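Below you'll find the structures, each written out as structure tokens.
Two complexes are shown next, each including chain A; its partner changes from chain B in the first to chain C in the second.
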Partner chain A sequence: MLSINMTAAREHLVIALNGEVDASNSVELDEVIQEALSGSVQKILVDGRNLEYISSAGLGVFMSYLEDFRENNVAFVIFGLNEKVMNVFHILGLDQLISIKNTQEEAEESLYDA
Partner chain B sequence: MTHELKLYCEKSRLAELRSFIAEALSATQLSAISQNQLILAVEEVCANLIIHSHDCNPLSHIWLTIHLNPERIIFEIKDSGKAFNIIEYKSPEINAVVKEKRKGGLGLLLVRKIMDKIEFETDHAFNTCRLTKKLKSK
Partner chain C sequence: MVKLPNIQRGKIYIMLAILTWFALLFVDLVRLFGEINQMEGDISREITWILEIIFFIVLYLYFSYSINKNENSNFLNLIWRAASTGLIATLTSFLIIYFYYLLDGSRLSEDPLLRNFFYHVNFALTSLFLISSALLWKHLILYQKSKAVVQQWQAYEVILLISMFFVLINQESYDYGFMFGLIFLIIYGIILSVNLKWIPYLTFREKWKSILFLAIIIACTAYLLVQLVSYNQKNIDFVNLSENLFLLGLFAFVLIYAVFSFLVTLFNLPTSSVFEQKLTEAISFQKLSQSIQPGENEEQVLDILMDSSMSAAYVDAAWLELHAQVEEDQPGKILHQKFISNGERQDLMAILKKTEPFAGYLNELKGGKLEYIYGKIRHETFQSVLIIPIRANKKILGDLFLLKEVKDGFNKEMINIISTFVGQTSISIENYRLLKEAIKNERYREELEIAQRVQRSLLPSELHHNECFEIDGFSAAADEVGGDYYETYRFDRDHFALIIGDVSGKGTSAAFNMSQMKGVFHSLVQLNLGPKDFLTKANSALSRCLEKNNFITTTYYTVNTREKEIHFARAGHCPTLYYSEERGASRFLDIKGMGLGIVRNLSFEQYIEEGKMNYLPGDVMVMYTDGIVEAKNENGQEFGYDNLRNILDENYHLSAREIRTKIIESVFAFVGKEILPDDDYSLLAIKFKA
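On to the complex of A and B.
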């Protein structure tokens, strides 16, 4: 099960993921990121505190937007991943390609101080 | 100790697959991180078969057998769909995935990084993919 919540705060959007992302629902994550990108927002945060599991289908969604973020000057930061999920990013070295922070505070700092 | 699951080829069944593997692995001394890695690797192979070899046909199924030994865990995934030779499949470079904005291709890379041995065999009736994880000897 996956539920996704998008909220606006200051100049950024927060996409909160709740549950498990796999091949059965990664398209939902895809749609939400596409929607976020279609607006004029330049800063996107992903709240991963309640993300329990992610498979390659979910990782692939993030990966497929990295070029779009770069081309459109969108800052994209994920925070709050538990150690199991963080480990999955780490296995593929994705933590080197995507900005990942421990807390929401650190994540917001990196969005606004950059 | 052997555990066996008949998994119907629908993506919505992947959660059931994860619970089944988690249950089997709960008897081991593996850390939560290692257990999650094994669940992930097996799911990647099964998701691949469900989507690409069986076109998500809910009437077809694949078999998963888990053999738990003190020295190793063996996951045997058997199906009778189009043979997909996981060993011959060439995983893409991460940089190429980003550049081409690809959403797929990372799954089997994960399997290769997580498992110690990957075997594939096919005969007239079945394709078998065997994933082995060695356990630390004391």
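On to the complex of A and C.
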């Protein structure tokens, strides 16, 4: 089960993921990111505090947008991942490509200071 | 036993009949000659009678043989055969009369011998006609036979046979015995003649034809009877062949059956169309109930439905409207529009949508359990309308509109039969769809089986190793095909390469990517690269063929058993579990890494690290895919890294195979039997020995 909430705050957009991302619902995540990119938002935060599990298909979604983020100068930060999910990102090596922060404050800080 | 071939039997009968006839003619002429010339008759009358009996029997055998041979000819043909034989006999008789008319006055016309010759010709043809007709009647009587009728007929044949010999007893005189026998034969003939079951099966046209033929038969029979009897009366001293109970009995039978058939056919004419109608309905029903044959489609079944319904209710115009099927993406359409123009149909539809009881149904298009709607409308041509929804798989497929020009044109029987047709059509269509689906599924299943076979062959059946280490592998896929991959390669006696990989996603697409990975492995492994270079090149190759959001995680190892050295690099794959004999504990070899296909440019190299270690005998290396650590039990808990490590800590002393089995068993035990695996999982265990 996955539910996605989008909220705009200041200049950035927060995408909150609740539940599990797997092959069956990774398309929803893809649509949301696609939508965010098509707007003029330059800063995207992903709230992973309630993300319980992410499968390789879910990781594939983040991965497939890395190029687009760089080309469009979009700052993309994930925060609040639990240990298990963080480990998944780490094993795959995605933590080397995506900025991952512990808390929302740290994440916002990195968005606006950079 | 020597059995004569069938073809010859008919010819032999004909020959026998002709021979008997000539013998009869000769005997009679000699007798007559003797009588006229007042000579003492050497030849007794009994010889004539016996020859006559033989002639009858041979003819009877011949015709019953020849009719059986043409068993499948239809009724009309049979009757025509009888009628034509009758015509020939009658015509011949006329010709003889005409011949005498020409000879009128001459001495020859008075010659008794010539007259007697022609009498024999007439007699032969008449017998021919009577016997063949009687046997044709037999065929008609025994149509849809019951045991009782067959027995009746057999008894009749026996009686006829006895009647032939009667002449030997009563010595050619009309005594009471003869009269009694004749009356008995007539009554029996009447009893047999009520078997007229063939008549209803004739169509209207055929009935008219058979009436004509029967009339011919009746006329011929009557004429021949009169003619034969008159011969006897005019020429007293002539040989008398007709005073035979058999012949007269046959006359009676042929005549009675012909008259009965004639009358019954005549009285059947008005109801003929009803019977035909019922027959057509039965055939339509049968057509509809046969499931759709390969090559046919649903429209053809609907077409049969239209035709059947229209003919069942004498409908003047009809059309079939198919509703739009949202799921199947089919727009609504008008199918099979009969005897009505588009304009008229639209007019009618407009009227129907304003007229109850149709309006309610047509405007809402919700039939519920409605079977049919029937009512009248105000239209210049059509007065009554019947709408029947056609259902398949609990959905309304379309509506059948039937129109008649008369008021109250549909009675209960018609509506019943049409409803049955529609019901049968629904069943046919449903069956057809089920069958189609089953075939499709079957094909998918077969293709998956092929894919499964192909994929199994992608995993190695034997793993390369030497005496310095044991190796054992296991792999299971969540779906029919999976995306896990492992393989080994041997460079030389002491050098080996190992790889384990996991393709993102699962199922068929993962399996395709896995086979690409195998190709990449076999191409690159031959270059004898270090693990980091190997992965960099593999990334570069796979970046060109993987879809945008697909990636592959893998770990590549090279093992040198002479130096007891392992080099490895991790491309985003689960860290290898390593038990060190020296430390007495196991740990995960977590080094920096990045999945293949995630960074699709040369910068990939910077995210990869190469590890190097030396092993000692007794060390154990466990490589696995994420399906193992992420296997969930019914509470949603994952098997996890700690569980895996604890199992190895407890079982490191076992052989590679036992360690592998132990881990897989533990995972199964953790997950529980009821839960199907939702990811592919694979495991390779290596135990170093020297």
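Definition applied: the second predicted complex is superposed on the first by the 114 of 114 C-alpha atoms of A that agree within 3 Å, B and C clash if a C-alpha of one lies under 4 Å from a C-alpha of the other, contacts with A are read in each partner's own complex, and residues count from 1 in each chain.
Please note the rule applied: a contact is a pair of C-beta atoms (placed from the backbone, for glycine too) under 8 Å apart; a residue touches a chain by one contact, two chains touch by 3 or more.
Computed from a predicted model, the values in this text were never measured in an experiment.
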Scan A:106 for contacts with chain B and chain C and give back first, second, both or neither.
neither
Comparing chain C with chain B, which touches more residues belonging to chain A?
B
Of the partners chain B and chain C, which touch A:63 in the superposed model: first, second, both, neither?
both
Taking the superposition as given, does A:1 touch the first partner, chain B, the second, chain C, both, or neither?
first
For A:28, using the defined touch cut-off, is the partner it touches chain B, chain C, both, or neither? Pick first, second, both or neither.
neither
Contact-wise, after the overlay, does A:91 reach chain B, chain C, both or neither (first, second, both, neither)?
both
Contact residues of chain A, present in both the chain B and the chain C interface
23, 30, 55-57, 59-61, 63-64, 66-67, 84, 91-94, 97
In the complex with chain A, residue positions of chain B that touch it:
11-12, 14-15, 18, 32-33, 36-37, 40, 43-44, 47, 50-51, 94, 97-99, 101-107, 109-110, 113-114
Spell out the part of chain C that touches chain A in their complex, as residue ranges.
502, 504-506, 548-551, 553, 571-575, 592-595, 598-600, 607, 626, 638, 679
Of chain A, residues touching chain C in the complex:
23, 30, 55-57, 59-61, 63-64, 66-67, 84, 91-94, 96-97
Mind pulling up the chain A residues that touch chain B in the complex?
1, 20, 22-24, 26, 30, 53, 55-57, 59-61, 63-68, 83-84, 87-88, 91-94, 97
